[in-house]
Amino acid sequence: MSWITFIDLAGTLVFAISGITAGIKKDFDLIGTLVLGIVTAVGGGTLRDLLIGSLPVGWLTTDVYIYVIFLALPISYLFSRSLLRLRRSLFLMDTIGIALFTVLGAQKTLDAGLSPAVAVMLGSVSAVFGGVIRDVLANVEPLIFRREIYATACVMGGIVYVSLLKIAVDPAIAMICAMVVIVVVRYISIRYNWGLNIKAKHHEKK
Amino acid sequence: MSWITFIDLAGTLVFAISGITAGIKKDFDLIGTLVLGIVTAVGGGTLRDLLIGSLPVGWLTTDVYIYVIFLALPISYLFSRSLLRLRRSLFLMDTIGIALFTVLGAQKTLDAGLSPAVAVMLGSVSAVFGGVIRDVLANVEPLIFRREIYATACVMGGIVYVSLLKIAVDPAIAMICAMVVIVVVRYISIRYNWGLNIKAKHHEKK
Amino acid sequence: MSWITFIDLAGTLVFAISGITAGIKKDFDLIGTLVLGIVTAVGGGTLRDLLIGSLPVGWLTTDVYIYVIFLALPISYLFSRSLLRLRRSLFLMDTIGIALFTVLGAQKTLDAGLSPAVAVMLGSVSAVFGGVIRDVLANVEPLIFRREIYATACVMGGIVYVSLLKIAVDPAIAMICAMVVIVVVRYISIRYNWGLNIKAKHHEKK
């Protein structure tokens, strides 16, 4: 298993835990929390695949994402106390997952023959829209609309990625640079509280 | 007209009435209630067709579903009192419709070359997601997230269906067995009030 | 640039301003308002393209729509006072935009081999669904469900369009007739307050 596959699956797991935890907080039943876990984990990539016409959507063509999301169910229910203690590690994993989803989403968009500007946009959509759909289904106002830096970091990373490709940098190096930008911008923004409303820090506390 | 077509159209009609009735209750205007009727009736199958890439989505390739949904409009407005008296028959038709939608959705997913696990999931999506979209558009918390058994019955029926196909049971027999499981599980769960919040029984009361 | 392209882009701009203004009113951050602007401007056409299977969705295959939406961002922030004074011109542009989107959406649906009834429906969806998605994301009840005439005008225009094509009227003439019907119905309905709740006039006031 390559490191890309590892981060992809780890990011999916952390996203699913985020959705399931939101469902538990809202007193949803088992199916409801599972649905929230699924849309949070794969909603962004699903929207990207629909828009670019890469169908069936990627995560349906293998069972591994479904297994990972199911794995998130007992983890969220049984270890909710431990998860709270692990939240720094989870936040790191979440941030690296977001960074990877952005770059992979941008590359898949370029592969579909679309422009770099569209690739930046759909890369960010891949990373953040799962959380938006989670909030719409849970009938709360999407967090993303009040927490600028989360999505802004993805947009910045996406711009770095397509720009480096443009000047013929090796794709693997462009990928790592873009991911570092996303992780660093997000950490610095948390550190200095840029564009963050303290009451909206729900997502990090999963 | 085969019995499958008959149940499909009858299920569509009952689903559309459910959506239109929700719109009337929310004081939506004619177009708003019609939109709710449409998304409730065909929303689940639409999402399935989008995800597996079977486009244009099935119900758009013939006008018959549109006619059935339009038929639901005068029925809902003129006979709301009679519908209340008929609610047991409607609930039976709704349950059989859900059962059929689950099995047809699972088979269409398998036909698209996807796995049995995905088929169970998308079969259930076909049956229940119309109601979820209805609730999102009406800006209420999706009922399904608090009424476990509804979706659970579909998942169980889907598992029965793909398992019977796996052991080479005749598809027609597998279909009928799966539908019986869904109808029975749903009726027993109502009878014994499994996983049902009495205040959330809105859907059955259409 | 043909007049069709001009109205298309002008309509996109006015729709984007409508979404961005809604985001500003809700105190969304920059990314949130931008997302609202994008979905309002292109959401209807996106849903139509998904349903008929015209993928990648049209507005992603060129960067011009993205540039127009980005242009709406400074306009909305800097000239909000002037926009208020210009609201009659904006409303005219919005109405002509809706009329064009309806006809273009209907034609694209016919081109995909679908029926006239489906073309009327998806033409209307192209014109009005951006506003519906905007309201769902902003977590308010979709305005369209209480403002019948807006969507009704599109449906009437769509029926005029496919009927004129049916009797072999020249497509350009059918297009202009349908657009005139939509603009006139909408203006007359505002004039005589048909089906309009005065409190729901938010959209026109952008």
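Just so it is clear, A, B and C label the chains in written order, and each chain counts residues from 1 on its own.
As a working rule, a contact is a pair of C-beta atoms (placed from the backbone, for glycine too) under 8 Å apart; a residue touches a chain by one contact, two chains touch by 3 or more.
Given the structure is predicted, the values throughout are model-derived calculations rather than measurements.
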{"item": "Partner chains shared by chain A and chain B (touch criterion as defined above)", "value": "C"}
{"item": "Interface sides of chain A and chain C: same vs different residues, half threshold", "value": "different"}
{"item": "Angle, in degrees to the nearest 5, of the Cα rotation that carries chain B onto chain C", "value": "120"}
{"item": "CA centroid of chain A to CA centroid of chain C, Å", "value": "31"}
{"item": "Residues of chain B whose C-beta touches two or more other chains", "value": "50, 55, 136, 139"}
{"item": "Contact footprint of chain B on chain A as seen in their complex", "value": "23, 26-33, 35-36, 46, 50, 55-57, 60-63, 66, 136-139"}
{"item": "Touching residues (chain side chain A, partner chain C) in the complex", "value": "50-53, 55, 112, 114-115, 117-118, 121-122, 132, 136, 139-142, 144-148, 151-152, 155, 195"}
